[in-house]
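Both of the next two complexes hold chain A, though its partner changes from chain B to chain C.
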Partner chain A sequence: MERKAVGGITFSIPDGQFAAIMGPSGSGKTTLGQLGAGLFMPETGHVYVDNTPTNSRKFRSEISNKVAYVFQFPEHQLFEETVFRDIRYGLRRKKYSELDITEKVKDAMECVGLSFEAYKDRSPFQLSGGEQRRVALAGAIVLEPKILILDEPTSGLDPLTRGKFLALLSTLQRTKHMTIVCITHHLQDALEYADRLVILNNGRLVYDLKPAEIRYALEDPAIALVPTPLLRFRKELEFFFPGKIDSELIQENKLLAFITDRLMRIGDEP
Partner chain B sequence: MSSFGALSTLQYVPGDSFLHRVDPRSKYGFVASYSISLVSSHSLTASLIYTLVALFLFLLSKLSLILLWENLRAFFVVILILNYFQVALNGIEAAAQITLKLISFILMVMLLLSTTPPEKQMEGLRKLLSPLRRLGVKTESCAVMFTIAVIYLPLLMEDLMRMMQAQRIRGPRYGRWNLAWRGRDMISLLTPLLLTIFRRAERLSDAMESRCFLPGSERTVFYQLKLDRRDIIVLILALLIPFIQFNFE
Partner chain C sequence: MTAPGNSPSIVFENVSFRFSEHGEWIVKDINISIAPGEWISIVGGNGSGKSTFVKLVNGLLQPSLGKVLVFGESADPANIRRIRQLVGIVFQNPDEQTVGATVEEDIAFDLQNLMFPRDEMISRIDRILKMLQLEELRYRPMRTLSGGQKQLVAIAGILVMHPQIIIFDEASSMLDPHTAGKLLGVMSDLHRMGLTVIQVTHDPEELWNADRVMVLNHGRLAFAGDIPTLMKQSDILEKAQTLPPFLVRLQKALRTKGMELPACCGSEKEMAKSIWESTSAM
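Entry: the complex of A and B
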């Protein structure tokens, strides 16, 4: 039985943006990500990556030079005997010298927080879920792509590792000016790290908004987005301080700064 | 946008055609009789008739032509290699015969599995094998193993496809005909694929045991199979096929 996974979607992601793709299960998030990576070809319509159409087979190499894709389950992405061999897989295809390969693999491993000496000879299949994800990410960023697409990269990770992983993505975006497209179910993570939220429902794009505009999507009963504790708290604050709550106040740090500021003012009052 | 190619053969396609309604035991009987007669036929005319019968049944099943194309396309290389040897050793007629036999057999297996839900396949097989229980054969376990294999093969194919996609996205391909690199890439997928198979098997056995599954024990079924007039006709046809062929040849 075949059904249309996505349709009628038109949007573009500028260079260096961190876009979060959200939506309920089965809404077409993964398919959209795979279309962007050139893993699927659309039956109708066009997908352009840096002005290169993904529809044509002859541009496949060009697309794979520009886009890296990290799968939802790292076990689908790791296939070599050692961590070193797995990360260097793409580089060997690009015919780099062995010296360059070692250097780049080392850099990529250190970038994702894996010690080169400690991990290079280990089997990727014997690592923990978090470590496997780091190896998969290293295998993707070692190719120095312009665009990094991640399919639910933090599912199954403990909160501490999840935070570290997302901070790592944010660092990659800033330092390497990489465009990051992250498919996620975690609204708070998206609000914390993304510059833009793309929300899908039933294979269609229903909202394309800035994190500060999330209330529009939350007010829509058709979208199964549950407000995070921080957003609920923000709503309470809006009740007590009408018109004084900034719409950008959706991130933990900003909220803490706001509360601290308020408390300081109360403390200063005679 | 994605397809499992040859593995589509093993997936049930819901429908309400005549073939969908036939009892699985009758289908097994017909396919077994058809296959034996097909293999033992020696003339090109007989092979052609078998192919036409299979095509007629395909039309009866109301399955999509894309499914048929996907299945035959997957076996194209095998048919081509066999044809090469047949033409070289026994001539063009033998090659045509083997091609028709292969297409008919693939089509028949596809029809059997695409028109029968896995639970009915299992129940049908269990009932057919039940006389062997008296000989000490664990028929229940055989039926469960067969069904699990049929259900899980597409999932394994999906895993394999994901791994191949992961390879593809991580660097340019060396061309479709660079067989050495393609072979090396395929071999490197064996370890993760085997690991996935064992992990899935372990998880499945844990899940079955947690639901009190006891290997070999007698089980009740949700779908009660009942032979009606239609199924009897199919069984009679199954019995007639070898006789008709024997008389003609």
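Entry: the complex of A and C
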């Protein structure tokens, strides 16, 4: 019997939102992302990108101009001789001057933490796995899409690069009003950066929450979400400081500021 | 296969590696000796030489300078068959390391290549499937497995060769947290059984099980030692493009802000209690 990868899903993502798609392996996250990018057509139902239906060949180029999709193994998408040529590949049909192209490639490389001078002439095939991933991501960012869908973009990146990359997505969202859809296993990353958590299980959308509401999904044994060290620590803090720990405190910097600005001053309170 | 006498499981003597004669050094001047049964976690930024290090251990790469010894034997091409049996590597992407049509065929692949007798093959596969709780999957086609299941089958394919050293090169980075936790449990079991476990990871929270941590920074060994020593000088991690675990980051940040905390709070509960005691004393 064939199993549906996803079924009965109805939801919409407003312009400029940062949505994290989560759920166990095999829950349909990648399928959902690829449906959103118009890479698959739904068997039943409709997918709209910026009010344009994806299931018509007529609108295909319109959709591909709006959406950039970064696959789970972006390094498998690398094929040019140099890093520079690989990143500029998507710009080849756009009417930019060579100078503009160089500027855009340079900006995209700096965005993902690759020094333009140090990497532009290197072969993508002699880079480490994490460096290759950054090259592939620069290739998507350089297109300046309206919607960026990324499938597990940070796996294989070192923690500092990962933090910088997620901060970059957040900046793209804020400054360019880009819609970011990020498929991820990292709950803490989602809590730090996303506006919304869409949680799938067995191909169904089971939770659609604000990050501060994560406790509802954590309390559900069917979802098998593992609390992050920060969430476990927050729970312990609630025990020692009952009624004082706000549910919004799910980000490391906010929690630190709360401890130093509020808890450390409890003795000062009248 | 039994490992030779009292030799360390892995020795690197002044090892450096680069892909070509005038290329950049990928690892440089590495000296380390790893005891049999030790659990070593290797951390470092992208391009710091972690994967190159593990490939030098099992002879997938040969050092440009220096010597790599595995249980006292040089990991050079003359010994490669024996070294590969002593050292198994589990990589990040299970799809790139499984070859059989079914789970059983995949696990049997290396044994078949080495022409093991059929009875011996079956008894080894039986034992490993039981140990990893994969018995129900034995006749399943590989293509129907989830990523986590495939990763466990890849581990089974390595364990049937009875290695003395097992290397996990970011083996949990693609798995969901639940499955990653299960994989960590398997690593602990193998460590308890006496295997040398080498774990390359980007997740600072995965360091706590290690006997020693190696920090690589631009191909050089910036630190090799136990966790308490490393956490006292956690700047080493940040300089190597990585991070200390959450609790260590938090303690460091709170101390910077003037909070007095005991030397090391190893659990979330201890940490919360220390903060409560510290604020109560103010």
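To be clear about the criterion, the second predicted complex is superposed on the first by the 256 of 270 C-alpha atoms of A that agree within 3 Å, B and C clash if a C-alpha of one lies under 4 Å from a C-alpha of the other, contacts with A are read in each partner's own complex, and residues count from 1 in each chain.
Note that in this section a residue touches a chain if its C-beta (ideal position, glycine included) is under 8 Å from a C-beta of that chain, and two chains touch if they have at least 3 such contacts.
Computed from a predicted model, the values in this text were never measured in an experiment.
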item: Which of chain B and chain C A:204 touches, first, second, both or neither; value: neither
item: First (chain B), second (chain C), both or neither touched by A:122; value: neither
item: First (chain B), second (chain C), both or neither touched by A:37; value: first
item: Most chain A residues touched (candidates chain B, chain C); value: C
item: Touching partner for A:215 - first (chain B), second (chain C), both, neither; value: neither
item: First, second, both or neither for A:146, with chain B first and chain C second; value: neither
item: Contacts on chain A seen with chain B and repeated with chain C across the two complexes; value: 73
item: Footprint of chain C on chain A - complex, ascending; value: 23-26, 72-73, 126-131, 133-134, 152, 155-163, 185, 187, 224-226, 228-230, 232-233, 235-237, 239-241, 252, 255-256, 259-260, 263-264, 266-267
item: In the complex with chain A, residue positions of chain B that touch it; value: 1-2, 13-14, 159, 162-163, 165-174, 188-189, 191-192, 195-196
item: Interfacial residue positions of chain C with respect to chain A in the complex; value: 19, 44-48, 51, 92-93, 146-148, 170, 173-181, 202-205, 238, 241-243, 245-247, 249-250, 253-254, 257-259, 268-269, 271-273, 275-276, 278-280, 282
item: Chain B-facing residues of chain A, complex; value: 1, 5, 31, 34, 37-43, 60-61, 64-65, 67-69, 71, 73, 75-81, 89-94, 125, 139-140, 143
